[in-house]
Every structure is written in structure tokens, then in C-alpha cells.
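One chain, chain A, links the two complexes that follow: it is found with chain B in the first and with chain C in the second.
Coming up: the complex of A and B.
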């Protein structure tokens, strides 16, 4: 496919270290549209080899509001279901511009490796130096090695290396929406991390019309219900958890957005620095980026202070374990001391309700939505590459408008009938 | 007349950078933009926006504006990022002179952090 794509799929065999490339056929896009539609199709094709499939949505990396989402599709070791996990922050965008549309990782390596994706090149490298490092140290190591602080790192820590049921793939230094223990899969495959840098270019079939439509969508979103929502606490308040704001406010440094996402859904807290500081801090690691409401609410309900809760979540991110599961199991075990919670990481086991009962990560389940409607909206977000929380906050991005703008950008006739089929396929 | 950037309002979403890239390339790309959110200090959450103008590099930082004249000797003590993009090689901001309703970075900023000065 020539437009809104790099026209390349990489198939990486960890066992043989063989990497082959295929073109992204228009026919596949016409049949599966993109994002989770295609990652699921590729998963099915290589299902016998327990694949992990990465991809970006059809509109990821464009000027369509909220176009930040990438997706990882694999069978969850925690639930046994083929599931989809979001790649938020800048990871989905960097993947889109990396020169690959989709990456299939199959088999298992005999010793630790990492995958380096950039400029249309996929390289498997020895990760002997990285194995044993926590998530933060591994991210620092790979960025220093490549001399580029903008590399996005999808990596595991001790939890993934040691086969924890609750191991999470983290994004750079932060917790991700991986509630499906895909970090455990990375560990089993001896895949320490995937480093991604995107510096490519995406052609647009009808650029002026596409940009005009993007501007129209942004204008609608800016005057819609999501306008003014800033950060984790505001999102919690929007779903009836007003208390979080006052609890978190003394630590709040700044609200941060995922790529081209109108609502900043993340909040950076300073734990070892004055949150009101405006200049660059001299403290190397002053705090933590909160990316997930659920564990925060659970830890608050356990009676932790905001500082202690954020430090627990920072420890989850360095260890590479899902914070929502940690909070759930801490509650079950009656643990309320932050140090005791951190000490419990190696012994925690599933199943947990934090993984949800759907094929999409419940990371984006905010509020009390009807399940079928939530599933459908998630499916649409994962197909087109729209931030899955933002997609719920911005109903202005209708399915019809997303299909229309996709057809304008690709010059392919994408129909509502096809969308129905793809939604049915990926929601199982 | 130029761009006015509010670094405290900016959420580092990069919409301005992508819009500027589109203005240069009629495609989506990030390497030719003259406006770039500064996001290399991720662990410190220190973000701002760098703008290449005709004769200066403007850094809109949380603590205020810094204007560096192009060609002027820089402070050798200042640490440079390994990932710093070669801003000096890029086209200067032309305020999207061929766009009827003004600069695209302003149009696509979701939080109104950029305006005309």
C-alpha cells in the first residue's frame, strides 16, 4: 500500500534469527483495514508459532486527533485468549514511521536478544548485556548505545525474565496498557526489548482534503465533551472518582499527552523534587509518569498516601509488573504497607480480574459503560489507531468519519460492511 | 509578527511538529519541521518547544523564552543532546505563508499553546 503506510511487513523468527519482509498488499487492507484487523489476521496466519504481532492503525501518526495508537496482538499467558494491548505515548507513532507497518515475531531465541527497528531495517541483536537489567536501566542502556533519547523501548524487567504471570511490557520507563502478561511472553521468547525509532514519511492520497477533514475533526473535538479534561485526576473525576484530584494535586508536575492526542491522559508527578519547579531539575529521576487510573484508585482505597502509591507504581514499572494486578492482589492479601507490597512482587500469581474478560486490555475501561458498546468502540480505536481512552471521550470521531477519512488518505474504498466484518473478527 | 508559544500549556503531543512537516512535504513526516517539541529529557519531564526562525533558534521553555541568534557562539558549557535534531539545516518558519487561514501549527494545536504574536 502506497499511502498512509510504509508498505512493509517484517517477519522475525527468533529461533533461526531469520528475518524476511513482505509487502503490505492493498487487498489485505481492503479486507482487514488496519491495526488490530491486520495484527489479528497475521496472528492467525502464524498461530502455530505462538507469534507476537505489532502494528499501527491505519490512521496512526496522522493529523487525525488521537492518532497515537499502536497495538500488540498475541495469546495472553494469563487468560489464554488472543488479545490486543495498546501501544500509547509515542510508541505507536514511532512504529508507524519506522519503515514497517506490521512486525511478526515468532519462535523463541536460545539466548537473550533485542529487536531494533528503524529506517525500514529490523535487526536482532544479542541482549546478554541487557538481561538482568530493570526496565529503567535497560531503556537507558539502549538509548545510550544508539545515542538517541527519542528511541521508544518496549521492554521487560525482572518479572518478565523470571516468568511472572503478571509481567508487563513497559513503554520506556512507564507502565503500559499491557494487562495481558505479554511481558511473560517476551521473557519466554528471551526477547528483552524492542527498540523503535521512526523517521520515515507517509504519503497521503488526497492531502488537502485529508488535512481539511482532520482540522474539522479537531475543531469538533475541541468544542466537545472532552474539552478541558487534563490528566489522570480529571479523567477519574469524569467517571465519578472526584477524590483523586485533591489527593494527587500536591505531587502533580504536568499533564502529558500521547502523540497528537487532544486530551492529555497522563500525569507526571514529582516525588523527589518540588512539583512546582519550572526549570530543569538537577535530580536525575525526580518522579514518575502516571499512565493508568485503575491501580492508582485501588492503592488509594487501600489507604496509601499519594506519594507511597506513586512510588509503588514506579517500582512496578522498574520491575516490569502490572500495577493494576499488584494493587488487586495487595488488597486481597491485606497488604497496605508500600514496602511489603514491593517485596511481594516476586511471589504474585494470577489469575486476576485486572486482565478483564475481553480481548482488549481493560486499561481503557473508564467509567461504567455497557460492555458491548465499549468493545465496539475499542475495536474501532484499535483498527484505526485512535487512543482507546480518547476514543471514548471523543464521540465526534464517528465510525463513518473515520472510514471516510481513511478512504481519502489511502484512495482505497473502505466500506462500513468491511468494518463490521473486521470488528466481528477481532472481538471474537 | 511571529509565533508565540506557551510552554506551560503545551502537552508535548507533537501535533505542531507533524502539521509543520505536512506544510513542508505535503505528506506526514517529522524531519523537516521547523517547530519541534523538546522531549529528550523524558525522566525529568522537562519539555519545551524549539522553533527555527530566519535568524534565530527560539527555545520556549517552562522557565521562559530563550533566543539564540544563528551564527552566534554558543555557551560551550551547555550540554547538547545526542538526539538533538539538526534544526539549523531546516527551513525557517514562514508562518505557512501559502495557507489561507494561517500557520498550521496553530490550527492543529489541541490545547491552544501556540498563537500569533
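Coming up: the complex of A and C.
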């Protein structure tokens, strides 16, 4: 597969520390398209070895609006089902440009390790110095060690190391869409983190036409219903959830979008600094990036102030535990004191409803979508690599257009029949 | 023949053997010469340090390319032995190509070290005792020269007019970038091949426009001087800059024009030389790629930091680091396509060692910069290692590229007899319909 791909799959055996590479066959793309279609296929192939499969969508990292999504596919320790978890922010894009299209991690290491993915090289290194560090310290450590602050880190904290079934794989310092306790899987495999840097290039079969179509899609999205939505609070309101605007506004410093996503779905709040500050702050850790609506809504419902709720979520991120699950279990236990909630982390256990019953993380399941339509839209987003919340907000990104642009970019005949089959495969 | 088994060979003849000076005082611009020679298929390159040039390095060369850098440091590094070797090399029919600092070097001078290289009786028009006002880039604007100064009126692309004489016949006018190179006033028997005739949209004026015009326009940009049996070609602007293809063409045309009629005869038959292919080649390339990738990642990260180092008379920005890394990076991919490498014993180990040290040093520099620690000494060490890493890799790369077609066929036949055949299509295919985006 020469276009829109690095043409390489890495298969990492943590038990033997053996890493092999395979080419990404055109036939596999013709059959499974990409993203979750292929991660699921690779999962099935290595199912006996309890794999975690990472991959990028077919259009991830391209000029298609919202093309930020990567995906992790594994069996959820919470639900026992093979599930797909989103890689948002810049993680999906960096993976796409890392020199690998897909990474299969199988087996378990006998001592802590981390995986360093860069320029088509996958290195498994000892993580003795990292094990025991919280998510933030581990991210700082690896970025300092490798000398680059743009490295994307998918890592676990104490929750994952200690086997919590609510452990989350965090993205850099922030909460991710991992509601499936994949952090627990990392811990079991003694895989502290995966560090990714993508400085590769992608080739496009028909570049002029591809870019023209992308520009057309961007224009359509910008004049569509998603236009003007800025930040996590506005996004919640846009999909029919409670309006968090007034509650969160006093802390809001700025909004941040995931890679090439024209709606900023994340909001940075200042907790220990004036949110109105325009110049660079001197405070080392001034605040927190909110990336997940659900826990915010739940913590607000518990009666927490916005500041307390954000501090709880910051603690979740450093500990590496899913904030939505923490909020749900705190409600069940009647905990409303932020310090008591934080203290409860080590003893929290599932099951929780926040993991959902679907194959996709319910991270993007906001608002009142019709279930089947939502499932299909998620599947399309995870196959092509489109931010799933953005995909909901931007119906202009139709399946036909995504298929068309994929065929232009790859020179492969990707049909709607194939897409139907792949959707059925990953949602079945 | 088995994988990794040594073999003997002698190089194809017909191409000049070109020495490129990479020793003390040079900047990254020697890599521009590499790029141009690689493009036109001159693979017989030797990378010479000051020690090698003072030794017998030039004895095996038809051409010496001296790039930009710090002229004083180059002269000091070569010393009397180097000057003597260089003079003999040219007098015996060798061709000296000097660009920028390499053009200043052989001009008549009374200054210590520089006075060892009084080969060309030309003067420079940018020497002054009264320094004019710098309008911008003050840090790159001038260099002290005894009690006087050499000042640089403009930077970037300037317009040049050729005089119609061979070997500069192909283009009546062209653009080439000027990064501190001299405006020349030819004397004696020197032939002017091109003059400065105007400025371009890209020209950056470091002094008043009128002063820049007075200093540059009408002055010689390229001169050709006979010395004994050989020639010197001195270029004020960087004709070897890879983005200026017309200039590249003239430079190589001129080189071929003045090559000695009987090139040096090299029988590079080294019994212990290795050709590796298949799995062994892939593994070695992966190890090289790992180190270069790690270095490249830190280098990109460093470019966000506002730091510059003054090393000798030259200013180094963090962006210069990748000037050394990218030429290596691009060629790793070409060797991956070839799936074979030809190298001397120990070369790969030395390359990996230096590349690994370079990465470690880059990371140290990054950490120190973030901590506010002075990094000048480490930066000096860093650029030396970057230089060494690039040279070591390129030595292997060009040694591999020098495998002639007959040798490849012999090698392939041997492989096919003994194994299932390993060589993929070694011609990198180019598809013009494709494009790349998202530069790193």
C-alpha cells in the first residue's frame, strides 16, 4: 500500500522482545479499508495472544476535515468485548506519520518496558525508571529523555500499574477516550507507555484532485451546523446536553482542537492562574485540558464547583483512571468532597455503566442519538480516521464523500459494498 | 559468494575523482557540493579532513571542492603543509573549486595563515576600514580582517551575467545565492566568467541599497585562474546550492572543461571490503536509521528554541543542525531501495558510534538550554560530530553507489546462484503524479 500509508505493520512480542514487520497489503485495505476495520482484523489474527492493536484511519493525518483519529482495539477487561477506543488530540496523526500504519502488541513483558515508535523504527526499551511514575511525570520523563516535546505519549499511571479495572491509557497529560480499561491491559503487559513521533511523509495518488476535494469538504463543514462551536461546554450544548457554559466560563483559558479538526472540542482551564492571562504563565502547571464531556456533566450533577470538578479530573489524569467511571462511582458512594473522591481512586472497581455496552468507547456518545445511526456513524469515523464527535457535528462528511476521497488518495477501488461489510464486521 | 563476504573490485573510470574538504573551518555547505555531484552521477567522492589533505589525500583526486565556512579557520587548519600540498596539487593539473570562504582562501593576503595561500592575484571589493551601518542581520554582516573589515552588503539570491566565454556558455544570466562570498576584482591573467549584475526579489540588503550596488554590481562573481598545469575556479555566490540548478550546471560544466586530460588512475582494490545485502543490509540500515532518526527528532525540537552559537567567525543557528542530518536521512531511503551496501571493515561501527554520540549530545544540549546552562562548548563538539557523522555515512553511500553495473551484475549472478535472489529493483521509480506534503 503506497498511498496514504507507510506500508508497514509492526508486530511486537513483549514476551520475547521480538519485533517483526510486515507490509500493509493492498488486498487488506481493499477488504477492510482502514482504521478499526484493519485493527479488528489484526486483533482477530492474533486473538490467542491477547493483543492490543493500534492504528490510524485511512484518512488520518490528511487534509480531510477532522482527520485526527487513531484507534486502539483490544478486549476490554470491563466488558469482555473487543472494543475500539479513540486516539484524539495529535496522537492519531503522529501515529499515522510514525512510519507504521498498524502496531500489534502481543504477549506480556517480564519487566516494565516502553515502546518508542519513530520513523518506521519500533524500539522496546526498559521502563524501570518510568514504572511508579504518575502519567504526568512519565510523560515529562520520556520527552526529556528523547529530547522532543512533540512526542505523543500513550501511558498509564498508578491505576494501570496496580491493575485497576478502571485504568485508562492517557494521551500525554490528559484524559483520553479510553473507557474500556485498556490501561489495565497495559499494566498487565507491563507496558508503561508508547511514545510516538511522526516525521514521515504520505504520498497521495492523485494529489490535485484530493486536495481540491478536501478544500470542498472544509468549505461545506465551515458553513454547516458545526460552525461556531467552540470548546467543550458549547459542544455539550450543541448536542443537547446540559449547558456547561456559565459553570465553566470563569475557568476557561482557551479552546483547543484536535489535529485538523475545525471544531475545538477541548478546553483548557486555568486552576492556579488567572484564566484571562494572555502572556505566557510562569506557573509550571497552571491548569488542565478538558477532553471528555461526560465526567464534567456527572461531577456537576454531584454538586461540585467547576474548579473542584476540574481538579478531580486532573487527579484522574495523573493517576491514570477514567474520570467518567470515577464520577459514576462517586455518585453511587455518595461522595461529593473532592479530596474524598481522589482518596477513593485505589479502591474503585467496576463494573460501571460509563463503559457502555457498545464496541466503541462511549466517549463520543453524547446527546440523544438514535442508537443504530450513532453506531454506524462511529464505525465510519473509526474506519476513515475522523474525530467521532466532529463526525456527529459535521454530517457534510458523508460516507460517499469519504469513500470517494479515499479512492482518489489511494488509487484503490473502495466501494460502498465493502464499507457495509466492514461496518458489519466491526459493529457485529 | 555469501552475504557479507568480502570481494575485490576496482572502480569504473571516466568520472573525475573529487575531493571535498570537510575539515576545520568548513560549514555545512560542503554538503551542497555532495548534493550536486550526487545528482549528476559523480559518485567518486573523497571526504578530506585537514589531516588527510596535509597527507596524501589530494594525490588521489582530480578536483578539490572547498566550500563555505570560516576562511581564517580553514587556512589555519591546513597550515603550511596544507598550503604546499594544495599548491602542488593545482600546479600538477588539479582543479580547485572554491565557493564563498573557499573563494577567499586562495586570494592574495598579507594576514597570517592566509598568506600561505597567495595563489590568485585578485582583490575583494567588500573590504573597508570604515564599517558601514548594518540595516539588518547585524550578526552576519561583517568579519574583522586585521584593522579592517570584510562586510557583506546582501544575502540570498543575486543576479549574475556570464561573459559568453567557455565554459560558461549555456546561460547568459542566472541567479545564485550569496552568503558572504566575495565581489572580486580580477587581476593578472584571471578570467572573469560571471559578474554581479543585479538583485532579485529574494535579495536581502544588509546595507544601504546604493552602497550594496556600488560594492557588488559590475564586480566579478566567478573567476578562473590558471596555475601551473591546473586551474582554480573561484565562486563568490554558492553555485553549488542545490536549489539553483542553472548555477549547478555551469559549475559542473566548468569543472569538466578544466579537468586534467589524464585523470588520476585509482585501482581501489581492497581485499577486506564488504558487500552486504538482504537481511544483513536491512539490519544495518535500520540501526543507522534509528540513530539518525533520534538525532533528527531532537534537532527539530531544538529549532523552536531561540539560540545561536558563535563558533570561530561563524554564527550557527539551531536550524543548521538539520543541514547535516537531512542529507543523510534522504540517502538512507535510497540505500533501503538498493538493499545492498559496500563498506570497509569497521566503517559501520564507527558511524553508529559517532551517530549515537551525536544524538546523546543533542539531547544534552536541549536539556542544558532548557535549564539555562551555557552550551557553547557542547555546540562546538556537536557540530564536529555532525560533520563526522555525515561524512562517515556519505563515504559508505558513495562507495555503494560506485558499484558499477557490471559489478552489480556479477554480484547479482553470484547471489542468484547461491540463494534465492535478493536484489529488488534498484532503480528508485519516480511517479510525477504523486506529491508529498506535511514537511517535518
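As a convention for this text, the second predicted complex is superposed on the first by the 424 of 428 C-alpha atoms of A that agree within 3 Å, B and C clash if a C-alpha of one lies under 4 Å from a C-alpha of the other, contacts with A are read in each partner's own complex, and residues count from 1 in each chain.
We take it that a contact is a pair of C-beta atoms (placed from the backbone, for glycine too) under 8 Å apart; a residue touches a chain by one contact, two chains touch by 3 or more.
As the structure is a computational prediction, the values presented were derived from the model and not from experiment.
Q: Pick one for A:97: touches chain B only (first), chain C only (second), both, or neither.
A: Both partners, chain B and chain C.
Q: Once the shared chain is lined up, is A:61 touching chain B (first), chain C (second), both, or neither of them?
A: both
Q: Quick check on the superposed pair: does A:202 touch chain B, chain C, both, or neither? Answer first, second, both or neither.
A: After superposing on A, A:202 lies in contact with both chain B and chain C.
Q: With both structures fitted on chain A, tell me whether chain B or chain C touches more of chain A's residues.
A: When the residues of chain A touched by each partner are counted, B comes out ahead.
Q: With both complexes superposed on chain A, which partner does A:150 reach: first (chain B), second (chain C), both or neither?
A: both
Q: Is A:278 in contact with chain B, with chain C, with both, or with neither (first, second, both, neither)?
A: first
Q: Which of the two partners, first being chain B and second being chain C, lies in contact with A:286: first, second, both, or neither?
A: first
Q: In the superposed arrangement, which partner chain does A:257 touch: chain B (first), chain C (second), both, or neither?
A: The first partner, chain B, only.
Q: Of the partners chain B and chain C, which touch A:119 in the superposed model: first, second, both, neither?
A: second
Q: Chain A residues touched by both chain B and chain C?
A: 61, 63, 97, 147-150, 199, 201-204, 207
Q: Where on chain A is chain C touching in the complex?
A: Listed in rising order, the residues of chain A that touch chain C are 3, 61, 63, 97, 118-121, 123, 144-151, 197, 199, 201-207.
Q: Would you mind writing out the residues of chain C in touch with chain A in their complex?
A: Per the stated touch rule, the residues are 286, 289-290, 293-294, 296-298, 300-302, 362-363, 366-367, 433-438, 440.
Q: Give every residue of chain B touching chain A within the complex, in rising order.
A: 8, 11-15, 18-19, 22, 25-31, 39-47, 61-63, 81-83, 104, 107-108, 110-111
Q: If you look only at chain A, which of its residues touch chain B in the complex?
A: So the residues of chain A in touch with chain B come to 4, 61-63, 65, 90, 93, 97, 136, 147-150, 172-173, 198-204, 207, 211, 214-215, 218, 221-222, 253-264, 268, 270, 278-281, 283-287, 289.
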